[in-house]
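Multiple structures follow.
Two complexes come next, and they have one chain in common, chain A, joined by chain B in the first and chain C in the second.
Showing the complex of A and B:
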């Protein structure tokens, strides 16, 4: 492997990292925190939530830090009034898209969307809410999916495919009709490829997939993916 | 659906042409729709098996593109253009008129399976808006009365043929 060290600046701090790493991982090495939702260590970057958008000098375009590889001489800004506004907008559109009501959500206080929303001070949604009515599937023995709370980050889809390797979950349709499905849009109990491994519930950043009757505090464990990936490296 | 007719062989040929490559899924789905007319779950499962792809992924791709039919379409297919120009020129009213006249819903078929009504994005004939296509024949500057007359004519032809 070519391991030329790349030198770049993130928020004025000099960073040195290997070729092929992303802006997000490079920022992490120097302790700069970039907000994320769909990104999860150990899974392929998806770049769907647009919360990790950063500014790169020399261009007006914003780049998703989780999916942008570093280049030598890059000057990255992760915090600015413009980005702050964008991130607030992203959070508001996420909240407006489906029915997010924290007070009746199982993931209240353990929700990554809620954490980000609080952090960015989004106390109102200035868009008309969709109030969409999506299906809830509780046919599985213990796993439940409430699609009304889903933010379509595809963490569950990627964990199911890349870590568990069964690819039970996927997305159907496109645009505002997009939804998470099991096998060919079957009920969860009829999805024969599902191994009931719970990884989808562990990685879900919101309260969309959860284990029935289990305290959400115990269910949620997104770090487990990075742990598994790390341990599998030793196997090779 | 997947009976021992030559359609199965044709499907195998399409797959062979693409070397059973996973990346050719979209082309293969196109080919399968051409052969069978629509893609139902059984056929999608078959394709996912032949290509060694997860069924959910094949289903996801097939539903992503509105070109693929997942249900059996009627004998005659009406496709209304929902592009901006057609919309402004009142395609919505024409569609509602068809729905009321023939008792069907957009995206679905009549009970006797004779007629289906679909909607599509811009077909690129905006100058002739509103456009509606009846069995792949495009009617430009369509009106409610004219469209319904056309459809009745096509349905009527069937009757005379069967008699």
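Showing the complex of A and C:
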């Protein structure tokens, strides 16, 4: 993509980037970090978690930085009281949605949801919390899924489909009943399309998919996706 | 007026640019909800420099109790096909789909028959009316989810994926079906096209108001003497619809509110009955045009319960993609369960309102963005009812505090 460069302003800083960049990647080039959860470099942006919302001048609408292409002349604001408030509410509603008890979670201290929660000073959830208690699927030789901790970011689904290319994982149902499933909603051991590649466990931002008996610090490796994508470019 | 004579006129006497200009100056706005200027949308797709281009007619009609599009398809399928053909010619598309829900078997049958008839008359297919214009049309079926009527969800569904909306931009006009420029138009919008081409933009713009031209179909339901399907010129007042056309509330009861815009519309009180039916006015008072549902409520209805009911609908219809709608809306429902079961506290209203702003501003698609409308409007126009529930633990309409629900708080 070597078309004419795009010029825009992010938090008052002049940024120049190529056409087709997103606000998120453009911001990174000038050292501005926008918080993300569902975004993962190398995967198609999902725009689902809404943590990366930013303001764009000239409209009241908020845009997900991870999925919004830059436009010339755009003026982006990544920090404001409103954005701060909404990011806190994203985190609070996620915490209230399912069972998140850090002290008994395998991902404790290595969880992106926890990191963001600390970052934004969420010290209280002002909604009733829903302690979902769905059965954990540990039928696979070593991969485990605890859907009670899932934040439905679909990183695992996209990694499985776009990078591993097997599409074992997908979503079932909709709304609050949405869940990650294997093949036609089988137990993981019965999902014959799974190649046991572990990419899902590497990219899961929380403790929902993990490798049994393995130190989570060792398992987690979300950057591997960008690495693979880059290597495949060389192959072409 | 002969069928397809507008198409003949468009193909033989008009350039694609001329057609777009005519639609632009007619002032026609989309009838599917958002009210975007139709001509402007066509121009965007026509200008997109990528081919092939597609056109999709939206006949998903997911609003409960609304059946204007279904009636249109059953009664006048050729108006939709003719509108599609003219639009396709204007934007340079050779392939179109009508996206229709499976629950409309008669409409599907009628459309299939109409497509076959049009093909037999060489009005569909290759070299239409010997003008070298090609256009093929197919039906695609939705499984009936409300959110599947959202334009980007339709695209996903036609591509064979989960009917989930995706972030915009990129807009379908540039990157729609299979990343190609795509025009998505409600069928009622399309059915207006032949009339404009046949009778001129000036004729069309005379109906309605300067910024809202033409007519609009509504399904008038609820507590009115004459419920049913109506077509009205834009700009008449809500009072005229409810009382003159609908005949008012049946004897013995009093009007309380009109919910306009479907499950994510706004509840408007008596004092707002004088507002004209117009996209911009409706938005100003917290309602939406939506796809044309008006539900009239009388004093038997509790506004807190009404807001709870429509919130529940949106919770059930959320696609699950984005956090505010999927994880946020159910929290609102929990607060309603508290309030309608005598466990509400004044602080709940503050949390309710804050959460509504969050869901409205931070959701990915129109479903989440408009879902708080019934709550925000009832908070705005009927706050005393909320306070009565919370402070006195009483429901004036005698609806709440007795319906046991599955999620009753412990």
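Everything below uses one rule, namely that the second predicted complex is superposed on the first by the 234 of 236 C-alpha atoms of A that agree within 3 Å, B and C clash if a C-alpha of one lies under 4 Å from a C-alpha of the other, contacts with A are read in each partner's own complex, and residues count from 1 in each chain.
In the analysis below, a contact is a pair of C-beta atoms (placed from the backbone, for glycine too) under 8 Å apart; a residue touches a chain by one contact, two chains touch by 3 or more.
Since the structure is predicted, the reported quantities are computational estimates derived from the model, not experimental observations.
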item	value
Contacts of A:94 with chain B and chain C, given as first, second, both or neither	second
First, second, both or neither for A:173, with chain B first and chain C second	both
Touching partner for A:45 - first (chain B), second (chain C), both, neither	second
Chain B versus chain C as contact partner of A:196, first or second or both or neither	neither
Residue contacts with chain A in the superposition, chain B compared against chain C	C
Touching partner for A:118 - first (chain B), second (chain C), both, neither	neither
Which of chain B and chain C A:33 touches, first, second, both or neither	neither
First, second, both or neither for A:108, with chain B first and chain C second	neither
First, second, both or neither for A:215, with chain B first and chain C second	neither
Partner chain in contact with A:64 - chain B first, chain C second, else both or neither	second
Doubly contacted residues of chain A, that is, touched by chain B and again by chain C	170-171, 173-174
Residues of chain C defined as touching chain A within the complex	145, 147, 162, 166-167, 169-170, 315-324, 326-328, 330-331, 334, 351, 354-355, 358, 361-364, 409
Sites on chain A touched by chain C in the complex	45-51, 53, 60-64, 67-69, 82, 85-86, 89-90, 93-94, 96-97, 126-128, 130, 151-152, 170-171, 173-178
Parts of chain A lying in touch with chain B, wherever the complex brings them together	161, 166-174, 181-185, 193
Parts of chain B lying in touch with chain A, wherever the complex brings them together	41, 44-45, 54-57, 59-60, 63-64
